[in-house]
Every structure is written in C-alpha cells, then in structure tokens.
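Each chain gets a letter, A, B, C, D, E and F, in the order it is written, and its residues are counted from 1.
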Amino acid sequence: MALPEPNGPDANAAAAVQELMGGKFGEMSTLMNYTFQSFNFRGREKLRPYFDLISNIAAEEYSHIELVSATINLLLSGVTKRSDRNTSKNPKASPLDAAKDARNSYHYLASGQGSLAMDSMGNPWTGANVFSSGNLKLDLLHNFFLECGARANKIRVYEMVSDPCARAMVGFLLVRGGVHIVAYARALEKLTGADVGKLLPIPDVCNRKFPEAAIHEKKGIHRIMYRWSPDDYSQLDQVWNGKHPEDGGDLIVSDETPEGAPWPEFDEEPQLSSPGGIDPDMLKHYAKILK
Amino acid sequence: MALPEPNGPDANAAAAVQELMGGKFGEMSTLMNYTFQSFNFRGREKLRPYFDLISNIAAEEYSHIELVSATINLLLSGVTKRSDRNTSKNPKASPLDAAKDARNSYHYLASGQGSLAMDSMGNPWTGANVFSSGNLKLDLLHNFFLECGARANKIRVYEMVSDPCARAMVGFLLVRGGVHIVAYARALEKLTGADVGKLLPIPDVCNRKFPEAAIHEKKGIHRIMYRWSPDDYSQLDQVWNGKHPEDGGDLIVSDETPEGAPWPEFDEEPQLSSPGGIDPDMLKHYAKILK
Amino acid sequence: MALPEPNGPDANAAAAVQELMGGKFGEMSTLMNYTFQSFNFRGREKLRPYFDLISNIAAEEYSHIELVSATINLLLSGVTKRSDRNTSKNPKASPLDAAKDARNSYHYLASGQGSLAMDSMGNPWTGANVFSSGNLKLDLLHNFFLECGARANKIRVYEMVSDPCARAMVGFLLVRGGVHIVAYARALEKLTGADVGKLLPIPDVCNRKFPEAAIHEKKGIHRIMYRWSPDDYSQLDQVWNGKHPEDGGDLIVSDETPEGAPWPEFDEEPQLSSPGGIDPDMLKHYAKILK
Amino acid sequence: MALPEPNGPDANAAAAVQELMGGKFGEMSTLMNYTFQSFNFRGREKLRPYFDLISNIAAEEYSHIELVSATINLLLSGVTKRSDRNTSKNPKASPLDAAKDARNSYHYLASGQGSLAMDSMGNPWTGANVFSSGNLKLDLLHNFFLECGARANKIRVYEMVSDPCARAMVGFLLVRGGVHIVAYARALEKLTGADVGKLLPIPDVCNRKFPEAAIHEKKGIHRIMYRWSPDDYSQLDQVWNGKHPEDGGDLIVSDETPEGAPWPEFDEEPQLSSPGGIDPDMLKHYAKILK
Amino acid sequence: MALPEPNGPDANAAAAVQELMGGKFGEMSTLMNYTFQSFNFRGREKLRPYFDLISNIAAEEYSHIELVSATINLLLSGVTKRSDRNTSKNPKASPLDAAKDARNSYHYLASGQGSLAMDSMGNPWTGANVFSSGNLKLDLLHNFFLECGARANKIRVYEMVSDPCARAMVGFLLVRGGVHIVAYARALEKLTGADVGKLLPIPDVCNRKFPEAAIHEKKGIHRIMYRWSPDDYSQLDQVWNGKHPEDGGDLIVSDETPEGAPWPEFDEEPQLSSPGGIDPDMLKHYAKILK
Amino acid sequence: MALPEPNGPDANAAAAVQELMGGKFGEMSTLMNYTFQSFNFRGREKLRPYFDLISNIAAEEYSHIELVSATINLLLSGVTKRSDRNTSKNPKASPLDAAKDARNSYHYLASGQGSLAMDSMGNPWTGANVFSSGNLKLDLLHNFFLECGARANKIRVYEMVSDPCARAMVGFLLVRGGVHIVAYARALEKLTGADVGKLLPIPDVCNRKFPEAAIHEKKGIHRIMYRWSPDDYSQLDQVWNGKHPEDGGDLIVSDETPEGAPWPEFDEEPQLSSPGGIDPDMLKHYAKILK
C-alpha cells in the first residue's frame, strides 16, 4: 500500500502511532506471537491447517511493522529545523528546539527522527507480550483477543490523529487485521463448532465507517487471505472458507499477493547527523583502494 | 541447515540456549536492530550499498531465530513425562515433576515446552535492545560491536552445552554471524579507511577451533554473503568485496541462497495439553457443516 | 466520602493523580504491602495486636484505591469530544484530538478514559513495591516510612492540582493516611519504647493547613481507627490508644465504619466505544432466548 | 476452604506456586483486572448486570490471593533449619544453607519464607497485566481469555507439584475459576448471541479429571455464583442463569457465601528473625507506660 | 568546571538533560561500566596499562554525574512558584501549577526539583546497561562504542537546549568524553594494530563546532588524560601516548588534576517542603541536650 | 579490609552475594541514594551538618561496592574448568559444564565469572531504587529504613553462605552499615528530639553475635565515623557525637581513614577468553610502532 504524504510534520502524532508499533497490541506483538506459535507448534501434521494459518498470518505481519514504521518516519520528517552545524554560520542555533516539548524525546535522542520498538509512552516492546502456550485452542483464543485489542487501538489512534498518512495506514491495517480476526474466529469455529464470528465487530463499529478502510473493503480485500508461500501453506483453505461473518461475502484464499508499494524515501536530517555528512569523494576513494 | 537430534532432553541446556534467542545479544536483537535501521534509513539513495547491506543481513536473521527456536524445542521435547490426564489411570500422577527443579519454569508454565522471547534467566527480550541512531557510522559501529558480543555469547553457550544439536546450531551461527562481523567491519572501512578487520577475532578464538563451525568454513560459507532479494539489494558487492580479514580468501556475493532444511517435527506433549486432545472426527464434522 | 464534581475535564490533572494510584507510594502500594504482610505474618498469636493493626489498615486501603480511581475517572470524563462514529455525519472527525498532546496517552489508548495501575509517568505499578520481610519491627518501620512518603506525594499532588474534586480526595486521604502514620508510630513505640511520634509531621506541614483535610480533622477523624471486621481485629486497641502525637487528642477505635458515599456515575464516551453501542433490544432478545 | 498440611517443606514447589500469585495469569491479575474494570465502568445503569458480574467476581478474587499465599507460606515453613543466633551456641552455623540452591532466593532474602507479589521466576507482578479498555465486549472477551489462561497455569502447576496442600488449593481454584470462565462466556452470549460456551473446556481436560476439583464439582460448586454483596449486585442472575455448558446443570446465584476456613498459623522462623525475638515482658512494660 | 547560571528555570530542558544522567548512554552508564570492568579485571598484572586506563576513566566519570546533576538542579530551581503553606495566607494556592504540564512529573513528585537516576522519558537507569564481558578486547570495543553513542546524545541535547548552563556542561563533557573515545581507540590500536582512530569523529561533527567545547580544546584539554590516583595508575602512558587522531597534537598524561569548581548552592523550594521548614532554635536545642 | 581466600569456588554462593550488590537494599542502592541526596541538597548552608553526613557516607559506600564485587569474583574464580580452546586437544570439551545448572547464568554468559549490577535473582539494579525527595526529614527516615533493610539482607546472606570470604565481607559491612544506621538515627534525633536509637537493633540480633563482625566491634570500629574529605565535611561531628545507642560507647569522628587492603588478583579464566589470549610479543610490537 502506498502511503500519502502527511500534511506536515507532527511530533505528537508520530508518538501516538508508536502504540501500533511497540504497544502491547502493536504490530510487533502480532508478528512475534504468531512467529513463536508457528515455531513451537507441536503435532503439526495432525493439525496442519491451523499451523498453515498461523504461519501465513505471521508472514503478513512483517509488512505491517514496515508500514507503521514508514508512517512514523514520514510524520517525524521535518519536525525539527534542518541545518548542519558543519556548515552553519550561527553557533547559537538550537535546531532541535521543537523536540524539547515533544512527548517522545527518544525520537530525537535515540533515533534520527525514526521509529523505535516502543509504544506511545516510550516504553519498549517486551517479549512478555508473546503468548505461546502450546495449547492450540488457547493460542487461537489469545490471537482472536489480541487482534480485537489491536483493532481497538487502531481505531483510537485513528480518532486521535487526523493526518491523511496516518489514517491511510490505519485504514489499511483495520482491513487486514480484520481478516486476521475472522481467521482466528473461523479456526475456533472449526475446532469446536462455536459461532465465534457472532461476537464481531469488537469494538462496536464497522470498518466501513472509516473511509480509509471502506475503500479497501469495497475491493473485497477484507475477504481475501493472501497465501504468502504457496508451497508451504497449502491447507489454508480448510480454515479460511465459507462466509464473512459481517457481510456474508465469500472468504477467498489468493495465491497472488498484493503488489508492494514503493518504499518512501526519507529525507536527511543533518541537524541530527542523520545519516551524517559523508563525503562522496572519500567514499569513492576508499571504494577504490579497498576493493 | 538440518539440526541433528539431541542426545536426549535437557531442560537446563534449553534454558541456556534461550540466551541466543532473547538475550541482549541474541538473534532477536540482531534481527530487530537491522530491521529498524533498514526501516529508518535516511538519505538512502546516496548511501545505497549500506542500506542494501543492513537490509540484506536483516533478512537472513529471520532464519536464525527460527534455528535457535528449533534447537530449544528439540532439547525440551520429552523433558517431562508424556501422559494424558484424559486417559490416565493414575490420578496421583505428577508428570511435570522434572520441571519443578528446572532453571526456567516458563518453559512448562507459559509454553508447551517451547521457546519464548526471553533470555537464559527468563527475562523477556526488550525493545530497548534496538539501537537505531540514524547516524550511519554510529549504527555500523554498533552493529559491529553487537555481532562481536553475540559471538562471545555463542561461544560461551557452546562451552556450556555439549549436546550435538545445540553445538551444530551454534557452529553454523558462528560462521554466519562471522560473515556479519566482517560485513560491518568492511562497511566501516569503506566509509573511513580504518582497517577495522584487524581487530578480529573477538573474542580471541577462531571459528575453526569449533568443529561444528569448521565444517562450514571448509566449504567457504564464511566468505559468502547470500543476497536474499536479488532485485532489491543490488549494491551489496560495493561493500562485500575484497579479502576476508582472517583467512584472506575472496569475499563473494551469492544469488543462490542455501537450500532450507526440513523443519523438524515436534512431538506432542499431552501432559501439557500441547497441542491438546482434539478429536479428528469432530474436526471433520465441523469442517463439513461449516464449509 | 462523596466526591464533588470537578470544575471540568483535566487530562494532565488526571495524569498527575495517577501517582497516588500506581506510584511507588500510591494506594496500590499501601494496600498490597499490608495485605502481603498480613498474609505472611509468622507467630501471629504472640503478636496479635500487630497482626490486627496491619490487617485492619489493609482493609481500609481498598476503599482508597477506589477513591483515587473515581477521581481520575471524573477528571477524564469529557476530556475528548463526545461523538459516535456509528451515527456521525463527519467522516473526517478526529474526536480524540485533545488526547494527542495529553501527557498520558494510555488513558485514551489502553482505557476508556479511566484509571489504570500506573503512576504519573505511565509506568506500571510493580510487585517490587511490596515489602514483606517477615521481621515485625522492620516491616513496621517500612510502613511508617511508606506512609510518610505517601503523604509527601499527596501534598505535592494537592499543590499541583487545584481542581476541587482532586483536592477533596487528597484532603480526605491525608487525614486517613495520617491515622496510619500514627498507627505505625504507635506500634513501633509499643515494641521498643522509642517516641517515634516526635518525628511528625513529615513533611513539615500539618494537615490542618489544607482546608479539605482540616474539615475532617475538625470532626476528629484523624484520631479514629475504624475496625473493619469487629470479629477479627479485636486487639487493635492495644496499639491504637493514648494521645495523638500532634494534637494530644484521644486515639479511638470505632466499630462503626463511615457511611459509604454513592459511587459516582461515569458518563459514556462513545468516541472510545466505551462501553460500546449496545442495542437494548438485542440485549432483551438474547436475555429471553438464552435464559 | 481449609488447606491440608503439606507433606513437608518444599522450596521449589513454593516457587512454582508463585506463578498462581504473581504470574501474568495469576490471582493478582484476575483480582486487579476486575477491580479496575469495575471502577472504570462507564454507562453502568444501562448495563447493570454486567457491572454486577464483574464487580462480584472481583470480590471473590481477594480470597483467592489469600489462598495461594497460604499455600506458599505452608510449603516454605521449615524449608531452612530453625535456629536462633541470639541463643545458638554454634557461631559457624549457616541455617539458611538449604536456601542457597533454592530456585527463588527472594523467599529467604526479601521475605521471611513468605509469599511475594511475583511469579515462578521471581519476576514481580506488574500493573501492565491490567486490561481495562472501557469497551464492554472487549473487556469481557479479555476476561474470558484471562481465565482460560489462568486455568492452563493452574493445571500445569498441579501436574508439577504433587504436594496435597498445593493440589487442594489448585483443585478448589479450578472449580471457582471455572465458574468465572462460564460467567464471562455467558456474558458474551447475552450480549451477542454467540455460543461461546461451546469452546470449553480450555485446555482440553475437564475439572473432573482432577480429584481435588472433582470433590467440589460433586457438590455443585461449579454451578454456584456466590453473591458477595447482596445489596449491591442484585442483577447477577440476569447473566448467571441457564445451563452449565459442560454438564448441563442449572446455574445458581447463592446469597449464602461459603463458610471461611480458619486461616492457618505459620510458625516462627527465628533464623530469619521472623517475626523477631520480641520479649513479652518488654511488650507488657511499654503497653503499660504508653497507654 | 564552574557552571554559569541558567537564563531561567526550564522544566523541559531539565527533562532533556536527564538523558545524559540516566539514559542508556548517560554518565551513570559510563561510570558504572568502567567501575565494574575495573572491579572484574582478570589477569591484571599481564595487562596493567589497560586496567589502569579503565580504572582511571571510571574515576573521572564520578565528577561527570555530579556536573550533569548540578545542571538539572539549576534548570529546575524556580520552575514552580516559591511559597510556604505554613505561612501562606492563600489556602487556594496551587504553587506547583507549572509542574502539571511539565514532561517529567517525577521532578516534582519524587524529588524536590532535583535530578534522579532516570533518562529523558523518566525511565530509570538500569544495571542492564553495564557491559563487563571479561574479554578485554570486547570490553574496550564496547567502551569505544558507548562513548561514541554518549557523544551523539550530548550533541543532540546541545541542539535541543539553548540554555547557557546546559551548553557549558555539554561543551565540557564533549571534550572530556572525547578524551575517553580516543583513549579506547588507542587501547584497541595497541592491542591489535588496527587504526581505530580513523573512524572519528562519530557522529560526523567536530567538537570545535560547538563554542562551549572549542574553548576547552583551545587549552588542549582534549589531549590531556588526568591521572586521578598517581600512585595507582602508573602505566596509563603506555596507552595514552602518541598523537591525537583528529588534530595531531601530543597526547599527555597529567598528574595535576583540574581545580574543582565551587559546587553551586541550590535555593530552597518551600512549596515542596524542600528541605523542609526546620526551626533553627529547635536544632540548637536538640544539639545541646543530645550532645 | 583484606578478604580471606574462599574455601573454594561456589557458584550459588556468588549468586546469593549479588543481592548485596544490586538488590533493592544492596550497596549500589546505598551508594546511589546518598550520592543523589548529596547532589540535590537544597538549603545546604542552613543544614550543613546533615549535608556533610550524607555526603560523607556516600563516599564510604564506594568502597563497599568494591568489597562486595571482590567477594563475588573470588567465589566465582575457578567455578568452571580452566582450559583454552586455542591450545586444547579435545574438541569435545565443554569446560563451562558446571555453569549450566548454576542459578545465575549471567555470570558465565554476560561476564567472565565476575560481578554484575544485579541481584540474587539476576534482576538488574534500577534507578527506581533511588529515593531523593528533597525533604530532609523524609530522606533521613528513608536512609534509616534503607540501612535497616540492608542489614536484614546482610544477615540473611551470612546465614545462607558459610564461606569465610563471604562472611568476612558481611561481618565488616554489618559493622560499617551499623555506623550508618546510628548516624541516620542520630540525625533524626538532632532534628526532632525523638529517640530513634531505641528501635535498634533491627532485625533483633546484635552484630556481636556474628564473629566476623564482633572482631571489628571489639576494636571500636562501630563507633567511628571516618571523615573521607576532611576539608569538606567539617561539621560531621555536630551529628555524630554522644553515645552509641547499643553499647553506650563514645561516637568518634576520625580524620584517619582505614588503610586500604590490597585488591585481590583474579586469575584468568581462559575458557571464557577472559581476559583473552593476548600475545605479549604483539603488545610490545604495537607499543613500539604506535608510540
């Protein structure tokens, strides 16, 4: 998904979006939960469709941390005044002035105005967020809850940040996260017969109420499970089938994965020496003599 | 790389190997450091070879957390007595007896004898382990140090655990981690002209002293940088070229990635309800009525 | 105690009050310290009055976390704009705007504008705050210090927040916490003969200087130990007797506990789906069919 | 419930049982989750039965941390050699010898062989374990998951520790926790119509397989919701009604709460100065002169 | 070094400066890393010059935490309104008003407007920041990286805070920290022959670009290693010799340590009872009777 | 104080002693508490004797972390089998075997069998242990409690570890810590007139019951306050005067500080590459060419 340019730099919006990266319900949590559950799966052959489902969703989550990171970086680009002390004429300049009152000081001290593995309060993501009990039903229930909690966080960040870049990202993740919610619901249903899908939506607002999500739902993206490794995850469709619990459309496994968007370029921030004043001639020089 | 079977279950060996997963210098740290640095790279076009290098190494690290996880799971398999309370005749049985004195109780309480995102003392991995300053030279120096620290930990786990499964894993990672050490040394050299490679090896023992690493070095694997995405990382060879600082052999970029090994099967541990006593007939029943 | 309505919503006042909930010296700490010390008491029969004292104070602390929570919730009510995306006509609305710059983002992301088990910086309360050494004199000394530290925090929150709801809560807790300070001083005196009460007040300001505390002291509430379980804590008066060290009035054990105040109603915050748009007809429907 | 005497002191059993106290799924978590959700409930009048349910369960949890604490304390009593340095003739004695190799050193250094607010690895309980989103459906789903996770932990501690005192405690908590699982399932069903109860049991073993739980189920205790404050929680029966999902028996609200068991006495551990060598004559002396 | 008076109180500047105290790369980290490495040095006699170097730098770091603390305290002095509730006529006063919106509430709740062992986000310094592997080359590499990371943080705080007191402190520490960077580079060079100094400066700005650092470099202070204990650290000059890698000047060991500056007086903050309203007559009274 | 050689290596004794280093009541806590309180002192001139007392005790604490570290290092020396993979003939050797079952794996993975900034469970020391409220009476009360808590921990480590090296260290620290307890008691007495010393000893065992403490008390060391900086701390004797509360002897300020003991040599542990196999000829070579 291609992210639109933000309306402008917004330090505290970037701080808020960090919740979707390194919060308890952020994308690092979904990524790492499914990764460990996939690694640790016992009795895989007997329960192959479930292994395939969890592993396949893990694979998709990687692109989600990427997307959240790009959003944060775009919102942070230009927050402080671009200037280079190596060439500046003003020794009294304090180009990071604006950072002093920003909510998250790590963005300026520990990174070059970039995303970090932390939440909206600057607390680091922790491995304690990974749940991998080894009991399939319990792990699936956890995942269903985790995705609903993640959905609540996404909606709240959406309501907090009006920037179009952030909202485009949230809109897309609401739809893809929605697929995962339904997937774990289906998995529990297939295991037990309980109609878990009737609990949805949690919280009590439909994705269609968010314009940036609605455009994807119109294309049916909320009903598609992309198969990220067609050779490996062949039994996905034993879980991902039937009707979508909210709109009744068909659930589809697709071997075509969505085309990637170009990764945005992030401008230099020389006041942070990011990436640093590297002399191209020197680079060429060393490239030659060291090759 | 295919892991040999362990000599037998070994609870405290598994606990020690967790350091290579979730320790400050574990594979989660290398994976996440390079991932965030890749995401946050500013001024990418000017410094493409460095971006490619960091991103490409990030891609390889994913397979390393997988390998460490598999080792832990194999060492934990069978640590406690397999039995199923649903069918057991002995209500007084305490099949997890052996877990009571094991160093890491989370392996039995929080997981089904599986790996978790924690270190050898059961402390969770933390996002505070991610360093992504945005200054290229500083990030590269960090990475060089991180890989050397990781190497020290690998060697110490090797000297602590004699099990062949664990040692095969460590031997392989010493070689691949060694590639990353040299890569970051090269990158620093290309940026500045300093002969960082002369610092190696850190610590002061060669990989060749470890038989399980030596077999890979004999095949030259310590001189090969695999390109995990040939379309994306085309400028790798502007950094990864010249001679290996320890043995003087040629540094090679390879577009052929190594063949994956079959992922080991992990037996059920019914005393932990892992994966749980799911009735195949019921599964079929629900599969039919819910499709 | 009945809380007055706040003058209006105040996000950062609520953030400050969290220190009295989940700070190192917050009410969760006093509650849990005395609870564990009561649970762990060894040699209870020999030292019954001390057991009774600690247990009885633990019982009172529960109502204190309740009161702090209510204050936080009242201050947070209405901080962001009430609106419901399900019925809103404005897809561009960002009702949580005001939350973006608030000091504590968890109030909006992790809760529905409600209190959490954290302090004024959003750091979670931790069990490491519990001290229960098992040595009675040391535990009592700890408790005396803990209550004085808690008093300092209350006074500082009072000086930081002028809202009448917050100040009414602090005023009341200064008085009740003052009872606990004197109680632990008395207990140490009874054990050793040292005149610990001469250290008071810590810090060096009397409760009477705070109008919202003075109104309770005028009623003598600072000299009353309520017995929360008359059957159990019969030997309270062997410690709680004699004169108050600051005003010389009689210390009294009372079997009548104070009348509870009505628990305030907290209005819905639909922009947070809190509690969520639940359809009363549906509730009735399911109530009927499921009964 | 009256706890039987343990077969003898067992340091590592006590360490394991700590998971049920201060683990992520321990009783402190259930207690504090429901307490905060009850405090923070918005729109209470509209949704009274749900408020009553959560608040009432919170009230019961307090007795559960008490029970887990008592079990730990009993298992720790006598772990190290009882002796008193004040009267000992042997200056070379090291009565805490046995503690040096015990898994959890805090039991001997930070407490007087008593329970602390930590888990089986000695990590402190944290307020980050509290989930209180303010969205009713999401909070109920969380609670349902939390109780299932707690059940998994109880079963695993049961399988790890064969001591009859520990197993009696776990057996009882399996039954009462089972009531809470069903209660949250019912609440979700009443809100949405989904038949959540069909997911049970999670994990896939019935309480009846554990003799110490079976004795309580035979008395029907798994179908009784005790009303801990008859005046307050009058609408409990609008959720807790109908049939138990596992055995089909009637769900009953009872205004009679179970008779409490006598709280066990914990012997002194003089080698830890717990409670300390207090001279009864001195106590009397100070009691007289200070009254 | 004598600190100039700040231009005025600045709460958020003080919060930012905390990163240099208790951040991962703050002065507590440098102090404690070298202290532990010095304590733990194995094979000291063989490698005396390196032991002397690390120990001597540890000794200097103590004065650095002192300097950072003084800066924070000066910036915090007067942030809130000075007043004394004991003598105030206005019961409605809320003198800490200004603290409610400050980024770091601990400065007002946990301290009397003073420095604490925490970073710019209020997260406490942790012993996990100490690296002491016991392998000399690895420890030196770590220290070289740590000092470069610390330098990046200092520069960023400089660019964020224009106050002359803060900048004077940072300027001085850039120079002294620069000495440590070169020292660890030299130590690695002496051990291996690698020309590590060619990597400098990291980040890519010279100290001379900062006027408050340039004044010290003009005096050659960046080339002087003070010997803090002439009797103990006699072999310092075996590492600290040769030319400075950036300006080619001679590296000098000096047995004269710089003259200390008078420690600034910090005014009372009576609104925080800091230090508290102590009556001088009472002090004299007790001094007399207790002597 | 000169430490005797341990009876032999003892991994778990070293793990226990870590509590006295990095535990909540360890020497890092006492050092850092008094250091920050000294740094942050407001109104120093008015209250000079108290400033001098706190600062002077801070100075002494540095030698205490040194002593605890040396004890840990001595106990760890030789725990695992000394061998050097560079010269070993046995590729199957696992010299760290003994470390696999040791309680604290960080001693072998993160350090070269050396002390770290952590407690007996391997949890890192944290800046949250620093209390510096700025209110003098409260800080002194805290310090009095902290020292009593530290005393309890020392006694318990003594009773846990019979090794003469550990006991010599504890015996000495009991005496010096005892001086600090009395000092803070005196300070509170001078401020308020309360006879705090009557609370002692806490816990209820005298230092004289520990032979390794008794030898120091016989020399009167428990009554001497060493003045670590005679020029600075000139008013110490306004607090430290009168009679010792336990034995009635005179309290003395001494300008002669105790003679330091030789710092023990710690042997190399080549199996950990600690300090690493550095070639002396190479060192000489680089020393020559780089000078």
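General observations
Simple rule for what comes next: a residue touches a chain if its C-beta (ideal position, glycine included) is under 8 Å from a C-beta of that chain, and two chains touch if they have at least 3 such contacts.
Worth saying up front: this structure is predicted, and the values here are computed from it rather than measured.
Think of chain E turning onto chain F: fitted on CA atoms, that turn is 180 degrees, to the nearest 5. The chain with its Cα centroid farthest from the Cα centroid of chain C is B. Using the mean of the Cα atoms as each chain's centre, the chain most removed from chain E is D.
In a homomeric contact, the two copies may use the same or different surfaces; for chain B and chain E, over half of the interface residue numbers are shared, pointing to the same surface.
Here the CA centre of chain B is 47 Å from the CA centre of chain C. In this assembly, the C-alpha centroid of chain A lies 38 Å from the C-alpha centroid of chain E.
Separating the centre of chain A from that of chain B, both taken as means of CA atoms, is a distance of 23 Å. In chain E, the residues touching two or more other chains are 24, 103, 110, 121, 123, 128, 131, 133, 135, 137-138, 152, 192-193, 203-204, 272-273, 276, 278.
Taken pairwise by the contact criterion, the protein chains fit none of the simple patterns, being neither a path, a ring, a star nor fully connected.
Each chain pair that touches appears in this list: A-B, A-C, A-D, A-E, B-D, B-E, B-F, C-D, C-E, C-F, D-F, E-F.
Chain C contributes residues 85-86, 91-97, 99-101, 103-106, 108-110, 121-123, 271-273, 276-278 to its touches with chain A in the complex. Chain A makes touch with chain D in their complex at residues 24, 128, 131, 133, 135, 137-138, 141-142, 144-145, 148-149, 152, 188, 192-199, 202-204. Partner chain F is touched in their complex by these residues of chain B: 12-13, 15-16, 19, 23-24, 103, 120-121, 123, 152-153, 155-162, 203-205, 209-211.
Against chain A, in their complex, chain B makes its touches with residues 22, 28, 32, 35-36, 39-47, 65-66, 69-70, 73, 110-118, 124-138, 186, 189-193, 238, 241-242, 265-269, 272-276, 278, 280, 282-283, 285-287, 289-291.
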